[in-house]
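To start, the structure under review is shown below, and the notes come after it.
Here the chain labels run A, B and C in written order, and each chain numbers its own residues starting at 1.
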Amino acid sequence: MSRLAVSDVSVRFGGLLAVDGANFSVESGSVIGLIGPNGAGKTTLFNVITGLQTPSAGSVTLDDRDLRRAKPYKRARLGIARTFQRLEAFGSLTVRENVLVAAEMRKRWATTRYDAGIVADKILARVGITALAEARCEQLPTGSARLVELARALAVDPRILLLDEPSSGLDEDETDALGALLVALARDGLGVLLVEHDMPLVMTTCDYIHVLDFGRVIAQGTPTQVQTDAEVQRAYLGSKATM
Amino acid sequence: MRSRQLVAGLVLAAAFVAVSIQNWAGNDLSLKAIEQLLVFALPLAGIYALAATGLVVVYSTTGVFNFAQGAIGMLAAFVYWQLKVQWGWSTWIAVTVTVFVLAPLFGILLERAVMRHLAGQDLVIQLMVTVGLLLGFVGIAVTIWDPNVGHSVPAFFPEQGFQIAGVVLTWHRFIALCVALALVVGLRFLLYSTRAGIAMRAVVDNRSLAALNGVSAQQVSMFAWALGSSLAALAGVLIANETDMSALGSLTLATLVPAFAAAAVGRMRSLPLTYLGALVLALLQQFASLFLSFGGRWAQVPNRIPEIMLFAVLLMRPAANLRFARLTATRRHARVAKPRSAAAGLVVLVFAIALVGTLLSSANLARLDEGIGLALVALSLVPLTGWAGQVSFAPLAFAGVGAAAFAHWGGTQGHPWALLFGALAAAPVGAVLSLIAGRLQGLYLGLATFAFAYFTGDVILNQPFAFNGQSLTTPRPTWFGISFNSDRAYLVLLSIAFALVAFLLVALRNSAWGRRLVAMRDSEAAAATVGVNLFETKIAVFALSAAIAGLGGGFLAMFYGHTASNAFDALVGLALVLQIVVGGVALVTGAVFAGVFRLPIQILQDHWDSKWIRGLQQIAPGFAALGIIQSPDGAVVAIADGFAPLIPGRTSERAERAKRTRERRAAARAREAKIPQLGLTEPFTAETIGEIERRLGIASELAAGRR
Amino acid sequence: MKQTRWFALALGAALIVGACGGGKTTTDNGSPTSNASSPSTGATTTISPAQAKCKGATLTASETGITASTITIAVAADTGSSIRPGLFQGSVDAIKAWANYKNANGGLGCRKVAVQVFDSKLSPTEAKNAMTTACAQDFAAVGTTALFLNDMTPIETCKDNSGKVTGLPDLPVLQTEPSQQCSQLSYAVLPGAGSCPYSGTGVRTFKVASGPFDYYFGKYGKSALHGIWVVPTDLPSTISSSMPGFRYSQQLGIKRDAEFGGSGLATQTAYTPFAQTIKNKQSTYARVGLDYKGTVYLRKEAATQGVNTVKVWDCSVQCYDSRLISEGGSTVEGQYVWLTFLPFEDAGSNPTLDAFLKYDKKPDGFGAQAWAAAELFAQSVDSIVAAQGPNAITRAALLTAVRNTHDFTAGGFIPSTDIGSKAGTKCFVMMQVQNGKFVRVDPAKPGTFDCSGSVSEITMDPVKAFKP
């Protein structure tokens, strides 16, 4: 059982308060949703959690271990993996190599025998992109590239997985498959933090949802609760109540 | 973070005090002397400030760090000479025409021909194109204006001035200082309070976003380069009378690193801080000249104060956040060679070189030998710059370190393990450089290696433990009973050594570590989040690169037979880096190209020596720069691509890929061109940008330091 | 791209075709020979003993670089580097001009003189290539001005016509490395001051001459002179070339007010502190060891700062350059420049000088020394021919002749120099810039040298001795 906790995190960029006192946690075996309008601070939070951004206030803990001093690579080794909102695949490498890089890093701190190639192939199959294995990432359409990032993140063998808009660029069927995959990963023991704009996906996969606007958590609860929250509707969904 | 800077600052200050005490010349540090020191420093600071202003403005309005900024000023100085001295125009008209008519036109021409293709390219490409331009402009200048003829530019109101603290400050220098100060105010207004200025900065920050606001990136770019060129010309014209008017002399070189150092103090953004940096540097130099005594083995140190200061300033920079992947326009088409095919190719290469060696005359044979030796040094950049994406100007400096170590530890007797010592001596130097400068991002790391290369070439390599200002004997070896004394035999040895190192590199590229390097280049942030320790990886690749260069240095030393420190000069190293990027820095074949491509030109010169051929040779680096833009993967790939149609089965893939890219680019351009037609007519202010940014969710990336 | 493919092929073909042949460079055969007894020039109105031997002789190819009709010499200079194109062009021009002069006046050794020009491009490899090729194709190297001639091997292992390792005779303008200075094959007309052998670093003994300083003392009084020196610090070799002379002048009695280091890349503003120091110490002497530009900078700054105490602005051959005056203007008035060859202003007083000025239209300091080297070559060849005939000209004979030359004056163009012992001269000519011209001030008579001074020795580590 692992628990990632974000406590009172604030991030200030000059005059702009991107994140304002965020508080939430992610536990193994659950899918937590993080939604909100663009610019609400979701990606900034991801950067804080993974160590790419220092918070102006607050802390991030993994199993009660303060990650303040841990560099990004350290956090990966502790079991936090992520994907990126704007594509951060290793463009010059093939799909398989992308996953291999992560698998080979994982091998360095593995305690048992570990064949990075086999692990990579397994993950490619699980995510459903084996057919693309030898394609160079920079030539892939965004949807596929996002799946590559997901596969790469999985190769880190994380305990907590942060996904930033993974369904962007995927069609209906692919999104459904992704949703099923996320639920399966959570069942296997992963803790998933999902940032998404695709509301059906969020509502069907998430156990709990936090809503962010202007850097602050304005609402949280189960999918049903959030759907009917008036503040959320006003800030994010506008007048539309369609889900 | 702040405490780190404070500690670094204190350490540097302490070092400064210690060095000053150690090297005190014995003059009184009276109040009057200090006042006079300030007056000595002001004109020099003015020169540096003028040079640095153009650099900073160009960077903040185009995103390009222009190595050739000073060279443009040099051309302007020569044009000014032509107008004023040669054709007798009045000073005012000559200055006005040069700075406000010819320079902007030159800038626009430059933008259209070269610079617009640099937008969004990899840093390596950007830097090396401007380096090529620097050398090309020097070539143009020496072709048009005969270096053996004096080109002296008179000052405004020569030798007249007014007294401050008992020192006369000439009117010309006073005018230059006033112009510099006016520039600070004027440019601040231009860049922050006018639409044009904000547009320029917006385009650098986010091209498509700016386009959304009705800004034509093309027009803005032309204006930015016209402005940058004018600033360069202004600096050149005001500085010309203080220099020797030599194309590659004080006019270009005396302001190169000082401008970098001052701009680094200003974080490439703030003109007031840049001027402060210029003043500090000028004070340091005049202080050293008057109050400190650097004799004997340290005599070259005062000449390298700009490099020392640049290094110190870069060290005090706070660590930037990790770089995200840039959507660069640089697409890498080259396929990665597999070890087996590489081995076959390298064997063929060795035989080919050996065969060519038997056909060449002795003079050309010697040149080919030297070329392969340099190619071996150039190989060191393949893992460092080609794969890991770390810009480095130091390969020849590392080669010098290796050569010196080789010579001292067995090289003079021709022992083979001395080569290993050379590599092992250079590796830690590379590691230390990375340790100190590795936190710095691309551009600043590159500048740090540049300063390192100059300092090493001039100061370190002349120390008693290195070359000690003399030629060391480094004879050809006799190994396994075979004497490699003849150039022909040595060529075979060199090519075998090259092939072995190249094979090792190909094997590395296909290994986990090689993939890690490329991952680090493609996206530092993503690499870190999958567990790659960037710090360690950078140190390792720098150490490897330095080791290869050090090995190459040992081989070069054996080729020369008598080696002195001048063989590892920083400018020659700069040209070598340019050559390998032209050839293709991600490929081992690019290194071959780098080493030998001057050979045809030299052969040409032997047979047909004319002013044209010489001019061609001098301007060649400029063409090379253009070549890089056409083919960022390098000449070798371009040539191979050109031959591909002859090989069945290979064509379609490459051509298809190229076609896809072209289509993609054309579609993007068409989209961008449509944007102004969308009818966006909102008044354009900084607040507007901020609002849009927030709404589109790009704020975090912008603020997280994408630069 | 299709173009790239064809370009690559063409380049490759050019490489193969061009590389196989020898490293031929431009060969200048000079103008057609005129009759030995032609009265057209003043220099050869009488038939020399050497020319007398030409009558009726059947000429053979007696040595590499010598045919029945031509003697070919090599001149290697750093004229074509990309960094400093045109450097040392004066040496090349002078040698080519000298060949023309010789061929218009009866040739040399009964044959015509041809010149093969090599561009050493500020590169050790190109310098070595030049000497290797010269060894294979030319008789001797005359007027060599190559800064990067680090490796004397091609010169020292050079085989002559008979297969013996005689070496390539080298009569250079510049000898930068101790290996060249101390070589038994290399003899400069203005020999270096340092002792041999020398490893290149450490203590060395230098010969120094007091002449110019005796002149200054005589004119201004010994105790009146004190001042500053600016030492070029870009390389250890630039330091070591200046220090012996500077220290000696201080030993002789010019008190040291200050010593500074200066870089060739510095701007004029670097010289303001120097000028101010002169003012503060009221110095009466100043010497800049960099090229003429450094002297111009200092003079300009001094003029700006209102310096008026300096009596002796000292400089040597590097200031003997028309650009000193054209760029310095009125600020360089009174500048002293001392030379060890006759100044061009002495035209009409010396046949050698006149021939030089007639044939070389762009004379400079390097050219003058190259011409003198060529005259040494000619004198040596003539002595061989006079004694043994025109078929006895070999490299060995040339070297013997040069080594036995102990009193060479190039027809009065330079002071008597002991070439064989590599001993420099103590004689000099003192010039001064007056009214925008170089004017001879000592000795007064054109065509003469002041030999009143003495030669001494000074022992020092020339690099360590520099302590600003």
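Simple rule for what comes next: contacts are C-beta pairs under 8 Å (C-beta built on N, C-alpha and C of every residue); 3 or more make two chains touch, one makes a residue touch a chain.
Keep in mind it's a predicted model, so treat the numbers as computed, not measured.
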item: Inter-chain pair with the most contacting C-beta pairs; value: B-C
item: Chain of greatest Cα-centre distance to chain A; value: C
item: Between chain C and chain B, distance of the C-alpha-averaged centres to the nearest whole Å; value: 37
item: Separation of chain A from chain C, taking each centre as the mean of its C-alpha atoms, in whole Å; value: 76
item: Centroid spacing, where centroids are CA-atom means, of chain A and chain B in whole angstrom; value: 39
item: Sites on chain B at which at least two other chains make contact; value: none
item: Residues of chain C that touch chain B when the two form their complex; value: 1-5, 8, 11, 14-16, 18-26, 80, 82-87, 89, 119, 124-126, 128-129, 132-133, 136, 148, 150-151, 153, 177-179, 199-201, 231, 233-237, 239-240, 260-261, 263-270, 272-273, 276-277, 293, 300, 303-306, 322-323, 326-327, 331, 463-468
item: Contact footprint of chain C on chain B as seen in their complex; value: 25, 36, 40, 43-44, 47, 135, 138-139, 142, 146-148, 150, 152, 158-161, 166-168, 170, 173, 239, 241-244, 246, 248-250, 253-254, 285-286, 289-290, 293-297, 299-300, 302-303, 356, 359-364, 366-367, 369-370, 458, 462, 468-471, 560-564, 566-567, 571, 599-600, 603-607, 609, 614, 617-618, 638-639, 641-643
item: Footprint of chain B on chain A - complex, ascending; value: 13-14, 16, 18, 37-41, 43-44, 47, 50-53, 71-73, 75-77, 80-82, 84-93, 97-98, 100-102, 104-106, 108-109, 116, 138-139, 149, 152-153, 155-156
item: Residue numbers on chain B that touch chain A, as the complex places them; value: 321-322, 324-325, 331-332, 512, 515-516, 518-519, 521-523, 525-534, 657, 660, 690, 693-697, 699-701, 703-704
